[in-house]
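In what comes next, chain A is part of two complexes: it sits with chain B in the first one and with chain C in the second one.
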Partner chain A sequence: MGERLEEYSMKILVCIKQVPDMESKFKVAADGAWYDTSELAWRMNEYDEYAVEQAVQLREKEKDAELTVLTIGGDKAIEPLKKALAMGCDRAVHVVDNESFKKEPYQIAGIIAEFAKDKGFDIVFTGMQSQDRGSAQVGILVAEMLGIPSISTIVGFAYAGGAIEVKRELEGGVKAKVSAKLPALVTCQLGLNTPRYPTLPNIMKAKKKPLDTLAVADLLKVDARQSTEKMFFPEKKGGGMILEGDVPALVDKLIAILKEKTSVLK
Partner chain B sequence: MEEFTREIYWNVGHGFMTLAPMYLLFIAAMVVLIRGFLERIQVYRLGQPVNRMDNWQARLVDAMRMIFMQLKVARVRRPGMWHAIFFWSFFLLFIGTTLIVLQADFTNLLWGYKFLKGGLYKIFSLVLDLAGLAAIVMLGMLAFRRYFNPPEGLDTKKDDAIMHILLMAILLSGFIIEGARMAATEMNTANKFWSPVGYIFALLFSGLGEGGQLATHRVVWWLHLLMVMGFFMLIPHTKFRHIINTSFNYFFADRGPKGKLVNINLEQEDIEKFGATEVADFTWKDIFDGDACTLCNRCQERCPAYNTGKPLSPKKVVNQISEAAFNTPDASLIELIGKDALWSCTTCRACQEICPASIEHVKKIVDLRRSLVLMEGEFPGDEVMTAMEQTEVNGNPLGMGYAGRGDWAKDLDVAVLEKNADVDVLYFVGCYASFDKRNIAVAKSFIALCKAAGVNVGILGKEEKCCGEPMRKMGNEYLYQSLANENIEMMKTYGVKKIVTACPHCFNTLSKDYRDMGFDIPVEHSTVFLANLLASGKLRVKADGLNCTYHDSCYLGRHNDIYDAPRILLQAAGATMKEMAKNKDEGFCCSAGGGRIMAEEKLGERINIHRVKMAAETGAETLVSNCPFCLTMFEDGIKGAGFEGSMKPRDITEILAERLVA
Partner chain C sequence: MNFELTEEQTLLRNMVREFAEKEVAPSAAERDETEHFDRALMFDRLAELGLTGIVFPEEYGGAGSDYNSYAIAVEELSRVCGSTGVTLSAHLSLGANPIYLFGNHEQKLKFLKPLAEGSKMGAFGLTEPSAGSDAGGTKTFAVKTSKGYAISGSKIFITNAGEADTYIVFARTDKNAQKHHGISAFVVEKGTPGFSFGKKEKKMGIRSSPTMELVFENCEVPAENLLGEEGIGFKIAMKTLDGGRIGIASQALGIAQGALEAAINYTKERKQFDQPVASFQGVNFQLADMATQVEAARLLVYSAAYRASHKLPYGQQAAMAKLFASETAMKVTTQAVQLFGGYGYTREFPVERMMRDAKITEIYEGTSEVQRLVIGTALTR
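And now, the complex of A and B:
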């Protein structure tokens, strides 16, 4: 009997978070440590959309790849999961946690790592940060906990032969090309891609894709290392100024203000 | 006393040697004609079924009116009337010929009964004579227009030459036959006075001698017959087929409500394709439309996209679909027509409203858009995709937080149904009047008018969502239906009795499209609602000079035929109205229909600037409109065209609110 070739199938994980739409009117919650969640519209974190899109593009290229999307959140967090499935993820994992907003990045990373540790994911995609907390820690911490390399804020992605080559955007308009062997984790930044609009047949198909629900208690094995003490709106200082009138007069006014209040014309 | 009549088959013979070849030719012609259409019907059948036989009595009556009164054709005055007169003349000649056949080959042949004699013959002779003349003159004018003075964009093809030459030859040969016969038989009778045109031809042949007259008559008689049979045979194979197809298209016409799209069934899970990409995805009527098209060019002449240098011509789209059906049924119509053309449509309905053949242009474009959006996730630009996503999240394409939807009315003491549903009228505000600073002024004006008229009005506030119109017209049926379902459920929950909207897009959608989703609450546009309040004396405004022109929005005008109510309101406001050259059903779009409000206009000249220039030509200081999209586009267009100092765009509601009698 000849040798049986084992088919290699790539396992991809993408982690997403449901966040409030940033156009919402935010109020500080009664406990003063987080925002009030009433009257908010919810959506998939923008950076996570880039992560899902990149993961789906990779999944479409790699035969037999399997793409899992994971989120941690309350019941309504199923909505972005459905969208990710409609965009092309194969299966979804919903870690149900109605108090996920109270967990700090280390705990969130711990939950994800606990879920992922024995699944053999070849590559993990996350957003660069969440739009509501903005710690930009979760992806990096997950990689650390899983003991795999992580590359943050990627704006370009290529995969070939078991390794990835990504572009990172640095300050001052400089870009860096970074490569790593899989398994690895990347956090995705604006400019990486344009997330697709789910097609109707894919929205329909998504309804039939597997969606596993896990209890957060089973996955949370680490303790919090930090806590948010207070959330507040910045005190109003100064403010904008709108100049009106004819253009020549406007120019004079502007120059006067620039001379008086700034140093740009000195 | 001489008898006024004539001998049918004079000089060509009454016997078998005339009738046999004549009827054989006729049968051959009918075979070619019928087979031609049967072949075409096979192609129409490539399309999906759609029932256009419902209400057939009303369809028949309307079709007869359209055909015999040439109602749609004559809407473009000059060429339309020329066609109408030609049609009526040709139809009289057809009736005349039928009467001759009836007498010669039936009543006289079988029972020896002749009715074409005496007084009837006189009328018969004179009418046909003058009809022949009218037909020749009209055909000449039409030929002159087509070949020597054609309007821009008129397609002139081989078919047109065949039609002009054959019809002219048939008409002239008819007079030659008559002239030769009269020259030989009627020069000394009073008969000739009942055929004045024939008599002129007779004078031409009078010098020919009897032998020449008889020979000319006989040869041209057979030639005339051959040409008429040729005409029958050519009907299915040339643009002559419009005689049949356009007539039937009046019968098969969409009977409205105007501009309502057909719902896609989203419940049925086995559907794998949404929208259209190829011929087989369209209905048979969509293919049939191409055969009904006469390339008259009226749609293209009025298309705002075509007129501002965009790659869309409604005429071309209709014909590309039917040409593909006949030649390349598997071709991708999206590639053939081009995405830029498909995205350029503002669904303004100018094409459909003027079409003399009752063709449905807009739904074809939306069908193709549906496949782009629903199957490919494609949009005319990223800004449109963003607007769609924002609508999914916040229920409005502007991306404003949904919770602030009712904020504009905070200080106005307006009932919000969530807290108090005991209102007479629900004002369905719409996205622009809720969030756009300029249009909030319109919403506030409307509330002021309601209060002054003692109307107990309420709003849904943050529970209202976009009506879904721009998304639906852009092809996003899925998003439209989910928005519609949510709005309908909300309004039903509160037991709303009547809805008024100041946005024609909301109005059209709620009053027509929502009807297919189990929604039956009466809906009125604010202009009609206010005009009624004015008429009943509940609303009182003072006439205060206003030098204005009025822009008929596409969705209040062409889509809903509301032209008078806004003008009555403006008159009450004391307006001196100067109509633009293109007004009412000929009104020119502002650019924002068809979901284009969400899209950047990247191709050609800007439509809103084009329209604003038309308004400026009237010398009006105020450009009044009735639609939030129009107002938005005109604010922008007036700046773009550099008319900021001379013209201001206003909504009709603002004009009235300023003139409220305290």
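And now, the complex of A and C:
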């Protein structure tokens, strides 16, 4: 595979994750450390859809580019890979790991970096975070491990002449323009673009695109540095407060409470 | 035997569902209210997604997929909007498919390709005031001219009419022949002199899908627009309707599925006597029956589609699927309105629209009575 990639002038990698549909009813698994993965509907992590779209747009602009999509997961994880291929990725890499959900961000990043280290990717796209774990660490760690710059939470992207210029959205409504020379990694925020639908003809074409399967054992070279001890639902908060009395008294009481317990009134 | 969707079908279902929920559903109630056909949304977008020629080969502008994918696409669109579902079904099964089945290579390149690609929209003109279930009663006629044929007569209740660019029109070419003999099928393009549109129907349901009368006054079409040969029009119509029934069965299935989901969600939320009404066994059992009927309809539809995809005889199965799915749609949507109570009768909620949309599936492309005739005749032949 390494050889074939050499023919292309720009090499793009996009990393995606399959996550449960967030409208699912979550239950804590029997071991108490993760959610129960049975009986859930699955989809591509929403942040990753923006990453794939941006990668595909770049791929379309750069004629000689090749775009690889990678995921780590069990057999079902092929579904988002196929979707990414139907959206316009050229080839897919499935790192098979039925217990990927038990791995912490450092390990996941280690697997990706181990895969990517000798491939010479010019740019790597990831989602800003996954919807189910939400650590927002994997992309940044991959960049560190590969020794390339990373720019997180991008909401705008442009490429020209070997460098990228991205937009970041900061607190307080401020935006920042950040540029970097390639190779680099970006993590994509929601709203970066409008992810395309995989059209039926492209779904049909995706069937013929290469999909390589790799064993996780061959790529996992780092040890875990953290572990999730317990997963639980927060305890239900007490019910609301019911105020009684005539209207003027009620208004006084309400104002007092708002002043005392909130920052709505001062 | 395998009841699982393929990877391709799963991707397709997810894609169409996402499109339908994000783009089609938000305007469904308003388009129904205003009887507005939004072509950019209800047809052009389908073309962009590669849905307007699902079953046709790539050579003729299609996606090279099969009837199961087609059924899934119509089902998912109809789950949120029956009008959008029938737009695709009438275009693909009725407008485009006869050209694929009976056209020659040149006709396929000229007429089918733009339909499959979705740059043009198709429609089908068979029904007349005196020829509905009995297509043998066709009175529209075509006389030979120096260049081709001149068609005169009218067609009623034509789905996609006015909006469509390409029409398959049935006319009698042999005045002496009786009943279903002597009928021929023609491709007539919008804008041909002598071809105009009559009144637009005001309907109970599928109100954002246009239904109009086609009027032909000495409308001359070139001889190359004759499909197949003279006199086989009845056969073309019947073969076309076999495929069309899979489309309408899928539409009915989608409407039923949409109503079922709405009923489940509502009865889980709605509280009476301090508990969700879904927890009352009387309600819960109704939901169970509705879901069971929808699933049975789905299996019939997918099985007929499978047969069509694999070039097995499927006329009888398509009739069964259409009969069962449309009657299921009517039952399930009616029950959904009941479960919503007073709210179900208002236009605040989608189930009353679904109930109005469901009714037509028992009528068009062969009434339930005609489906029973098709099935029963085949059994006792």
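One rule holds in what follows: the second predicted complex is superposed on the first by the 230 of 266 C-alpha atoms of A that agree within 3 Å, B and C clash if a C-alpha of one lies under 4 Å from a C-alpha of the other, contacts with A are read in each partner's own complex, and residues count from 1 in each chain.
What we mean here is this: a contact is a pair of C-beta atoms (placed from the backbone, for glycine too) under 8 Å apart; a residue touches a chain by one contact, two chains touch by 3 or more.
Fair warning: this is a prediction, and the values are worked out from it, not measured in the lab.
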Evaluate whether chain B and chain C can sit on chain A together after superposition, giving fit or clash.
clash
Using the touch definition from the top, say if A:23 reaches chain B (first), chain C (second), both or neither.
first
With both complexes overlaid on chain A, does A:42 touch chain B (first), chain C (second), both or neither?
first
Identify the partner contact of A:78: answer first if only chain B is touched, second if only chain C is, both if each is, neither if none is.
second
Output check: A:203 vs chain B and chain C. Expected answer is one of first, second, both, neither. What do you get?
both
Which holds for A:232: it touches chain B only (first), chain C only (second), both, or neither?
neither
Contact-wise, after the overlay, does A:194 reach chain B, chain C, both or neither (first, second, both, neither)?
first
Once the structures are lined up on chain A, find the stretch of chain B hitting chain C; candidates are 114-122, 150-158, 186-194 or 276-284.
276-284
Which residues would you name on chain A as touching chain B in one complex and chain C in the other?
43, 197-201, 203-204
Taking the complex as given, what residues does chain C use to touch chain A?
7-8, 10-12, 14-15, 18-19, 48-51, 54, 58, 63-65, 69, 73
Which of the residues in chain A end up touching chain C in this complex?
43, 78-79, 82-83, 86, 197-204, 206-207
Would you pull the chain A residues touching chain B in the complex into a rising list?
21, 23-25, 39-43, 194, 196-201, 203-204
Please name which positions on chain B make contact with chain A in the complex.
266, 269, 272-274, 373-379, 382, 385, 388-389, 392-395, 399-404, 462, 477-478
